[in-house]
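Labels A, B, C, D and E are assigned to the chains in the order they are written; within every chain, residues are numbered from 1.
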Amino acid sequence: MQDFGEAVGMAVSLVASGDGDLIEIVLLSLRVSLTATALSCVVGLLLGAVLAVTRFRGRQAVIVAVNALMGLPPVVVGLLVYLHLSRAGPLGFLGLLYTPTAMIIAQTLLITPIVTALSRQVLEDLHSEYAEQFRSFCLSRGQIVRALLWDARYSLLTVALAGFGRAIAEVGAVIIVGGNIDHLTRVMTTAIALETSKGDLALALALGLVLMAIALAVNVVVQGVRLTAVRHAYA
Amino acid sequence: MQDFGEAVGMAVSLVASGDGDLIEIVLLSLRVSLTATALSCVVGLLLGAVLAVTRFRGRQAVIVAVNALMGLPPVVVGLLVYLHLSRAGPLGFLGLLYTPTAMIIAQTLLITPIVTALSRQVLEDLHSEYAEQFRSFCLSRGQIVRALLWDARYSLLTVALAGFGRAIAEVGAVIIVGGNIDHLTRVMTTAIALETSKGDLALALALGLVLMAIALAVNVVVQGVRLTAVRHAYA
Amino acid sequence: MAAPAAASGPSLVPLKVRGLGLALGGKQLISGLDLTIGGQGITMVMGPNGAGKSLLLRLLHGLIAPSAGRICWGGHPMSASVTRRQALVFQKPVLLRRSVAANVDFVLRARKGDARQRDALLDRVGLSDKAGQAARLLSGGEQQRVALARALATGPEVLLLDEPTASLDPTSVHLFESIIRDTARQGVRVIFVSHDVGQARRMADDVVFLHRGRVVEHKPAKGFFDQPDTELARAHLAGRLVM
Amino acid sequence: MAAPAAASGPSLVPLKVRGLGLALGGKQLISGLDLTIGGQGITMVMGPNGAGKSLLLRLLHGLIAPSAGRICWGGHPMSASVTRRQALVFQKPVLLRRSVAANVDFVLRARKGDARQRDALLDRVGLSDKAGQAARLLSGGEQQRVALARALATGPEVLLLDEPTASLDPTSVHLFESIIRDTARQGVRVIFVSHDVGQARRMADDVVFLHRGRVVEHKPAKGFFDQPDTELARAHLAGRLVM
Amino acid sequence: KDGAILVQSTTSTANSGLYDYLLPMFQDKTGIRVNVVAVGTGQAIKNATNCDGDVLLVHAKPAEEAFVAEGGGVARTDLMYNDFVIVGPADDPAGVGGMTDVEAALDKIAGSGALFASRGDDSGTHKKERALWAEAGIDPTTASGGWYRETGSGMGATLNTGIGMGAYVMTDRATWISFANKQDYEIQVQGDEDLFNQYGVILVNPEKCPSVNAEGGQAFIDWLLSAEGQAAIADYRVAEQQLFFPNAPQ
């Protein structure tokens, strides 16, 4: 357990030192995970909203499938992306393997089902209140989706944060498609995995604390935006 | 990409063969992740409900912290549990390291923040409708929490499924505290990681498909229960 | 105010309802309901709580599908395009989580109405000074005003009103009644659910009396109030209808 | 029915409100409101939409804290234990996502009431045959019945009613009025918001007339209706109060 | 990024810090950037088979030769070696401390009931360990889950696990020396010729994989095998100990 005290001290001095390598890794982590979160919000919120408002045969099956896909293992996603992007794979000519783009693709695939499933639930709950009024207004499906997304935006922020949390904490997919290459595709989680395998548990933990600090910072910013917006908003 | 076709065939024959080792691994995965999900629901739903209904100084900070903890990296959780349970650690005398119990502990720690953060949001949305009526009834905090949990139970199922998804897909924490020991602590995700590191991508993918089938089965059961219950329930 | 979009095709009246039935949750809530509403004016729908008045409006507006029978508006079977030419003010207003103005704008935009109508509409229902306020924080009566303003914003040919003045103060009740009378005079067919016998006497051209999901009486107003055909209607008007 | 829990301490009346003010969202919604309500009976609160009637009931019930002034119930400052001895029927009923029976049971259990009262309560508000139905699928009037049943289930010493008969049919209005009169006769102090002048005349012992967050008049009923002191009240009763 | 080469490597070489020492020298000299993907031996070979890399640097001679034979690589060359050791807790429950006959030591561990943590991941190290058990005439897999614990993980993870449960672990010396979580562990068995650990280097076949940067890859291999590269390998030290011993054919 002395490792833990050591780790805290180390985390503080790591951050204080402003070490260039660490900054590079932190920025890449943020870039990859924020981009993946943004992309999966674009797709997932839309899909979630469409699932929430449409009724079609097999809808329950789709919902179950999306819920189940929240349990998609990162390693499996990593492998699937690897097989596509590998030189031997169908998209190998793009040369994307072992690049941040590949990591973004993998994380996007991983968290889109999470954003979809959770936003579907949130929007369906809201829609149960609005549905008849919307039908009375004869809104198109697009108008309904837009109205729901807008009126549920504060609750959906929590959904987006869940997606971001999964992305920033994830290691299994990015290490397969990114390769944890120093100065190229090393992110916080792969660096932590590396230090762990080197047996440097204190440094691994210190990096973990730094990662948590980053996640916290992102959440503080989001919450700040939310609170500022709510102050001008309508219950 | 031929690996993928190969993987599907392999997954089918793996399941069909009823291989004893596979069954052992599947059952352990289910046992660990379902137990962790159950435990984190007990804690997380309660915490989420309390956060949703109480107003105290620093509440916003706690909410931000819980949201940020959704980004807790599994490896970090694994390391923390490892440091506590290792022979040199404060709880080393319990001899829990490299047992399923250790894995349950790690996964519970990992997903409790997810269940807490998401259920907080769901319950807060519901509470915004009920709050004044409940205050008029002079309900105790416990009564409010119980009523909210009950009335939001169908939405909370999705939250629990998100927690389960994270648990069943997770590898970083269980491999550190469980050790991926054959016939002892090997679960689906650590087996997948192993086959991946062996370069047997087809087998790894096949195991991934089996894992997805299990997640799907759990979701089907849950959805079945939900639909049956809704049929007798009150909008 | 949006004038009725009379140009959008042949008239929606007369309304013909034949053998209408509705079963929900295993209960037969409406059965064998026949109704013909033609011409112009205001039809009052009255009847005890749970008679099926709100369900009938939902059916007439195409929000729920009947389990039996047919609804024809001016010869058109119920369809999305019929719904589009109507507006329904719900018994419980469902307001968006936005400002009062945004609630009206939302409808104007969705229906490609003239955005400049908003201020006139809010003024007409007496909400000019609340335009910027969160709609869901309004008082009960103010929320009903928003709901009426939104309904008028769609420029309907048929206006379905479900107890739209239940939470209004006496002055506003008069205001609403005159708005609705004006609207009817401009050719909009109004079907109006109310428990207020005085209001019904003031407003109705004809009255439909519903009981347990059936039309018990349908008469011109004068005849209904002065000489109801049935003991049920008589008891209802007198406030001594025993369930 | 739960008899008022008179044993639970000294009476909550008289109610004394002094200098009450409420500002929300940067707006002064209630200001300098003084009010004294003593003895027994039914006090009607009247006034135009947005006057602050519902906010006043919330303040008197302790659901929102005033930004100025004091509220004293029988000498007790506003507190949770005062709230507990009151019941408020909200203008918009908030029903749990449960059956009608479960909604009443919930309150009985929460307040340690006698579980056997449920059927009697439902019977009294005319909902016996709907006990098993999902409360939120009820008609508007039926939902108001549930809300009243729940309020009675708490056995209050003070009953605050916010337009509880707005969605009721004429027969049920009479039923509710007699229930409320009975309750008042048993010693429960009733404060009743209504827009229905006829109802106010039938029920009120005294009338509080609110306008823009101020008490403009507070008089015994007879005096108020026959000879209001202010032009505002006169205009309101006549339905020609211009905002 | 252009001109950079990608090396598929085992974790043991990467975790030892060898690349952090060698690569800057190489880049200074040639201007070629080297990116390293460190994975299990099997995964490294699989990745190279899929053309996802220019150079393969692992330690599993039979698998490497098969890879070349199947046309995946141009040629395999010995690069360097180190040796395996068996580490165990200081109290040495099996009493193997100081032994130099590895088969005898394994026999003793098996007989003592003390725990033994195996990588169980089919890596070069694992293959070596299995061969040693076979020579000792023991099939430990019958005790899998008992005293024989197959962690199915990389070297570092297996060390963490083994140390966590007080088990003996066979590891390459380089990983052990640079491993930070030793706790009370010590090398118990070393020095047997059978514990020899040979590393090889292979250029991925540009005929099979047109995307291969053959020029850069060959330059890297040539440098490693050159007198300068070999000297650099010999110079790399952790805790004042040499980790790898160059033995490229001159």
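Simple rule for what comes next: contacts are C-beta pairs under 8 Å (C-beta built on N, C-alpha and C of every residue); 3 or more make two chains touch, one makes a residue touch a chain.
Each chain and its UniProt protein: A, B = Tungstate transport system permease protein; C, D = Tungstate transport system ATP-binding protein.
Just so it is clear, the structure is predicted and the values come from calculations on it, not from any experiment.
J.: Keeping to the contact definition above, tell me which chains border both chain C and chain E.
T.: A
J.: Are the interface residues of chain A and chain B largely the same numbers on each copy, more than half shared, or largely different?
T.: same
J.: So which one's got more C-beta contacts, A-E or A-C?
T.: A-E
J.: What whole-Å value do you get for the distance between chain C and chain D if each is reduced to the mean of its CA atoms?
T.: 29
J.: I'd like to verify one number: the distance from the centre of chain A to the centre of chain C, where each centre is the average of its C-alpha atoms, in whole angstrom.
T.: 47
J.: Report the inter-centroid distance (CA atoms only) between chain A and chain B in whole Å.
T.: 17
J.: Touching two or more other chains, which residues of chain E qualify?
T.: Where chain E meets two or more other chains at a single residue, that happens at 39, 47, 154, 157, 160.
J.: Among the residues of chain B, which ones contact at least 2 other chains?
T.: Correct list: 82, 88, 176, 193, 196, 201, 235.
J.: In chain C, what residues contact two or more other chains?
T.: In chain C, the residues touching two or more other chains are 134, 137.
J.: Who touches whom among the chains?
T.: Those chain pairs satisfying the definition are A-B, A-C, A-E, B-D, B-E, C-D.
J.: Could you please specify the touching residues of chain B with respect to chain D in the complex?
T.: Per the stated touch rule, the residues are 129-130, 132-133, 135-139, 143, 147, 151, 233-235.
J.: Flag every residue of chain C that touches chain A in the complex, lowest number first.
T.: Residues of chain C touching chain A: 58, 61-63, 80, 83-84, 87-88, 90, 94, 96-99, 102, 106-107, 110-111, 134-137, 154.
J.: Could you pull out which chain A residues touch chain E in their complex?
T.: Interface residues on the chain A side: 86-89, 92, 95, 97-98, 179-182, 184, 194, 196-203.
J.: Would you mind writing out the residues of chain A in touch with chain B in their complex?
T.: 1, 3-4, 60, 63-65, 67-76, 79-80, 82-84, 88-90, 114, 117-118, 120-122, 125, 128, 155, 158-159, 161-162, 164-166, 168-172, 176, 188-189, 192-193, 196, 201, 204-205, 208-209, 211-212, 215-216, 218-220, 222-223, 227, 235
J.: Any idea which chain E residues touch chain B in the complex?
T.: 39-47, 117, 120-123, 144-145, 149-154, 157, 160-161, 164-166, 183
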